[in-house]
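Here come two complexes built around chain A, the first alongside chain B, the second alongside chain C.
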Partner chain A sequence: MNAATYTGALELAAGAVLVSAVMTLWRRQVRTIVTMLSLQGISLAAVALILAAHEHDGALALTGLLVLIVKGVIVPGLLRRIARLDPRSRETTPLVNVPASLVFAAVLIVLSYVVSARVTSVAPSVATRMVPIGVATVLVGYFMLVTRRRAVSKVVGLILVDNGIALVTFLLTSGVPLIVELGSSLDVLLVVVVLQFLVINMGEQLRRSELDQMKELHD
Partner chain B sequence: MTSSFTATLAYSMPASALQIVLVALGGPLLLGLMAKIRARAEGRVGAPISQPLKDIRKLLSKERLHARHASVVLPLAPIVILAATAVAIGIAPLITTHPALGASADILVIVYLLLTGSVAGALAGLDTGTAFGGMGASRAMTIGALAEPALLVAVIALSIQAGTSNLPAIVSSTLAHPNWVSGPSRLLALVALVIVIIAETGRLPVDNPATHLELTMIHEAMILEYAGPELALVTLGGAMRLGLLFSLVANLFFPWGIGSNGSLVGLLVGVLALALKTSVIAVGVSLIEIHSAKLRLFRLPELLAGAFVMSVLAVITGLVTR
Partner chain C sequence: MTLLLVGLGFCLLGVLTSALPRTYRVPVTASCAALGCALAFCAAMRVLVTGDTVSFHTTLILPLNGFAMTLDPLGALFIVATALVGFASCVYCIGYVRGELQSRSAMGLFVAFILSLLAVPAASSIATLMLFWELMAVSSMLLIVVEHRHRREARDAALWYGVMTQLGAASILLGLLLLTLRGGGQTFTEIKSHADALSPIVRSSAFMLVLLGFASKAGAVPLHVWLPKAHPEAPSPVSAMMSSSMVAMGVYGIIRVGDDLLHGGTVWWWIAVVALGTLSALYGALHATTSTDIKRLLAYSTIDILGLVLIGVGAAGALRDTGHPAVAQLALMAALLLVVAHAGFKGALFLGAGAVERATGTRDLDQLGGLIHRMPVTTTIFALSACSIMAVPTLSGFSSEWLLLQGLLHGFTDASTPTLIALLVGIVALALTGGLTAVAFVKALGIGFLGQARTLGAVNATEVAPTMQIAMALLGAVSIVLGLVPGLVVPLINRAAQSGLSRSTMSPLARGTGLVLAQLRGAIQPAFLFVGAAAVLVAVWLINRRLVHRSARRVDAWGCGRDVQTARMQYTATSFGEPLQRVFADVLRPQSDVELTHVAESRYYEQSLKYQNQVSDAVEQFGYRPVIDAVLRGGKAARRIQNGSIHRYLAFGFVALLVVLVVLA
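Moving on to the complex of A and B:
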């Protein structure tokens, strides 16, 4: 792979991770949000595979394949099933409305570029230049966790945080050991499975899945 | 000095005039093409593609009629709309990278020429004092105000890459660096610009161009008081605006085919390439239209805020990867 193609492909894949993070804030339909999440998983895997091809790193390629399967296919598939269990398919009343959260996302992205400028200046390279994208994805994920009410949206926020952290590790250290990545991926998978039971139980007892309503379960 | 003057006289001036004539004829044809695609998708035969041109010709031969309370603004607005759009078309790089006054074809000039036309239209909507006109004008201005930051920031992303905000220069430097086109900054700016252009030309998710006398209409409400030749001018102005915006997207993102060497053959190739590229964009936009319902007015800020964030992202990635 020559240098120009490597740079272009890496920029495109990392850019796709950030765009899909913003899209999850933008769209309301849960099914579209989950599609964006699977797009993000696939782009994240693409980043790992491009880095692996560039550095001839077999373990990283294996990690990339693992990410592709877990975050690109299995987790979105499970979330899609959960969304189908839920009677209402839209994020209707986020705590911060959509235009405001998009503007806030823009601020978060600028912030992450400012903050990570020092990190990237230590070892400037094509890969480290993309680190702010990972930081921005983490921040957008936290923002989603805080401002969205639906259980599915909260899990999407959590997965955004995880994807952002994974992106930063790929870019800075060419990936953590396979066993660590395996652990964190399975962690996310477990969270999604737990959520599925939670949504089923809440659906039976409350007929809705806003986590705020859980207060009524006390006593 | 003299040689550049003769070059302007012999090449740039006729090329600019050709651009204006081309968009004046092509804009309505693009509208007809989009209506045709929609009709076919709905299982109808649909009107011929030249129908908007025929409508304009029919309207031009009708009597001039004004509302009783109309002031001088009503008959003047169509002329302002048409003139501002025509000047913008004349100086923009549509079929050649050397249009007349090309040095002043800054992106801000084009945006504000188009905005002059929008403001004239809104004033005309308010002029007769009808409820529909005022409502349409207020909505059109609201959408315009929301779309403008996204449009400007998206274009700034392009100018960062090229190092200039002069449109012909941006197009020429894109021709010189074909690998820019597939960069993430360009793609993000493209997405933002397509959304803005759908809003600016009043196409479907934002405004339904096919409605008459509905509470949801925007552009049609604004021009409700027009009849005859003046309606023809307003319609032509709208069509030319659509033609210009489509051509700008075509040339900023896929500049190939545009005449860049000052020869007559290059100009003819430019005409054909422009017709082809804008038709492709028209097909794309009408496919979006077929698959979307009109958004509620209060959901529009969401769509345009999305476009704004995309353009901010385009600028940031452009700055970082420069």
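Moving on to the complex of A and C:
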């Protein structure tokens, strides 16, 4: 792989991660959001694989495959099943409406570029130049976690945060040891499984899956 | 050391046997603990007699530095005092325990409490000390709430105690950790060897932190607020342990850290200790005179006596580097003797108060009276111990306070001006508290035990179980022994004081049965005094019989011309303390209410008269209340951001993250 192809491919894949994150803010249909998440998982795996090919790192390639399977296939699959429990589920009234969310996402992206400038300046390279994209994904994910009402959207936000962190680690350190990535991926899987039970229970008890209905934490 | 460890082992066994079925639980558990106390007593006595220091170290029990115990004469003295009261309390328990205290957890905690008290003076590393210190705090706090179903005050008391003791423990821990800054090691030997290398500021702040914690345990005003709440609410054997042993641990800590680990430090530390002691002695004595609850009265008198002990400890510290080191040792010996004497008489008094409460169902002096006819043994021992605390000659209170006075008086020669002032103030406090204590205990004895019974409970009282009587008599005997032949224990106290003052080799008292100052003027022989007084009494009695020849005639007491006399005409505890309450109204801040309703026909005749008198703790009201209220207000304000919405909680995190990022950028 020559340098120009490598740079282009990496930019494309990392960009896809951020774009899919912003798309989750844009779309209301929960199933579409899950599709975006799947797309992001695949892009993330692509980043890992491109880095692995560039640096001839077998372990990183293995990590990339693991990410592809867990975040690209299994987690979105499970979420899709949850979404299917409530077929017309839409993020009808997010706490911040869609246009405002998109503007805010733009602000967050600018902020992350400002913040990451220092990190990039320490070791300028093709990979570290894209660190702001990872930070922006984290912030957009967190924003989604805060402003969306449906349980599934909240978990998608959480996974966005996780994906953003994973992207930053790939770009900065060429991947963490496999065991760490395995651990964090399994965590995400567990969260999704827990969510499944939660949504089923909420559906039975409240007839809807908006977390607004739960104020039991009070007192 | 083995003996002490076996003793502690028996206590541990006692904790386990508290799981036995109800029928055997109390006797077996109490016997185990009593045996443990007896063994610990022997171990400590051996160290005191031989003067050897023994130690034990294992890495098995505590992580990092292991478990280190050292028994030196100073710690041994405190173990002796604790073991005495512990033994008596265990024996007392066998007859006393009933109701909630009988439960598995309560008995287990009681023995754990005794275990921790026996172990604290032997701990010789920070981790070991804090382990037992916390065990002591937690077990005693839980023992206070044993009877919380009947007494709501117990919950409040336990909360106060818990907060104060935890703050104290944190302060002690912080202070001790400061001492490890230079050497790094956390055993007392390491701290001692590196103590001189620390900067004066670190040493002083460490001592002040440690003093804060230990003084609050010793009930020093203004850190005493928990004591008059907690001691009365605990079951009586526990009160006895708390009041005679646990508070002494505060004194032990001050001597151990200030005199032993830090080799004395600077004079102003000790002047601060004298100031604390003076304040406590006066404040405690004053409140004791106005208390009508017998256990509350005893608790305040504990503050008073511990104040005197602190005066002695402070004087010893202030004098050790000036002119007369022998006088310093004398003052420390007086303080230590007073600790042991206090363990004896205050233990007996609390056990006696428990007996009264058990027999009559109340501890309000205004509802007692006439107990001398129904509970002669309890009354005798209570009277003996009360005389001892009032410093009646030939009893232990007198010999120890006399020694303290000698220590303070002889310190005048070449003392610096601040020390001189501290000593003078100490002497005045000693004199004034002597008088006030006498008022308080004349009241407790006269109103509670003499005269006529005021309520049905007091009328129907019967003498308590024999084991309880034995326990009280045992502690009463301590007062007599220490009072009549104080010379016998002088060598032991001397050893303890020597080891407290970093291995001094002086002995300021001559050998003998009495107390004779070796190089200074001053001597007292209580045994001779007793024989002389007894001879005079017998002579008077004989003369009376021979010369006056009049047989005794029994008549009713003079009733101011009224025929019928009722128990309600007697002086009450409230009225007895009222004049003093008036004199010291500025300090005590009593709240009195008189409510008068008239007969409808004429305003010249009253229908009913209601009088209410309450003395609350001024320090609590003006020092602690504002702080507590501010904390509560802060807590209420903070609650407003908690509305239960998950979105809001997530938003807090998000906003915090953004703020951090913006600040970084």
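Rule of thumb we're sticking to: the second predicted complex is superposed on the first by the 213 of 219 C-alpha atoms of A that agree within 3 Å, B and C clash if a C-alpha of one lies under 4 Å from a C-alpha of the other, contacts with A are read in each partner's own complex, and residues count from 1 in each chain.
In the analysis below, contacts are C-beta pairs under 8 Å (C-beta built on N, C-alpha and C of every residue); 3 or more make two chains touch, one makes a residue touch a chain.
This structure is a prediction, so every number in the text was calculated from the model and none was measured.
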TODO: Based on the superposed arrangement around chain A, label chain B with chain C as either clash or fit.
DONE: fit
TODO: Check the residue A:A106 against both partner chains and state whether it touches chain B (first), chain C (second), both, or neither.
DONE: first
TODO: May I ask you to decide whether A:V115 touches chain B, chain C, both, or neither, giving the answer as first, second, both or neither?
DONE: second
Task: First (chain B), second (chain C), both or neither touched by A:L65 - done: neither
- [ ] Could you look at A:V19 and tell me whether it touches chain B, chain C, both or neither (first, second, both, neither)?
- [x] first
- [ ] Please indicate which partner A:L95 is in contact with in the superposed arrangement: first for chain B, second for chain C, both, or neither.
- [x] second
Open item on the list: Touch test for A:L145: chain B only (first), chain C only (second), both, or neither?
Closed with: second
Open item on the list: Here's one for you: vertex at chain A, rays to chain B and chain C, all C-alpha centres; what's the angle to the nearest 10 degrees?
Closed with: 140
TODO: Check whether A:E11 is in contact with chain B, with chain C, with both or with neither, and answer first, second, both or neither.
DONE: first
Task: Smallest separation of CA atoms, chain C relative to chain B, angstrom - done: 18
Task: Touching residues (chain side chain A, partner chain C) in the complex - done: 95, 111-112, 114-115, 117, 139, 142-143, 145-147, 149, 211-212, 214-219
TODO: Would you mind writing out the residues of chain A in touch with chain B in their complex?
DONE: 4, 8, 11-12, 14-16, 18-19, 22, 26, 98-99, 102-103, 105-106, 109-110, 113, 129, 132
- [ ] Sort out for me which residues of chain C touch chain A in the complex.
- [x] 642-647, 649-651, 653-654, 657-658, 661-662, 664-665
Task: Of chain B, residues touching chain A in the complex - done: 179, 182-184, 187-188, 301-302, 304-306, 308-310, 312-313, 316-317, 320-321
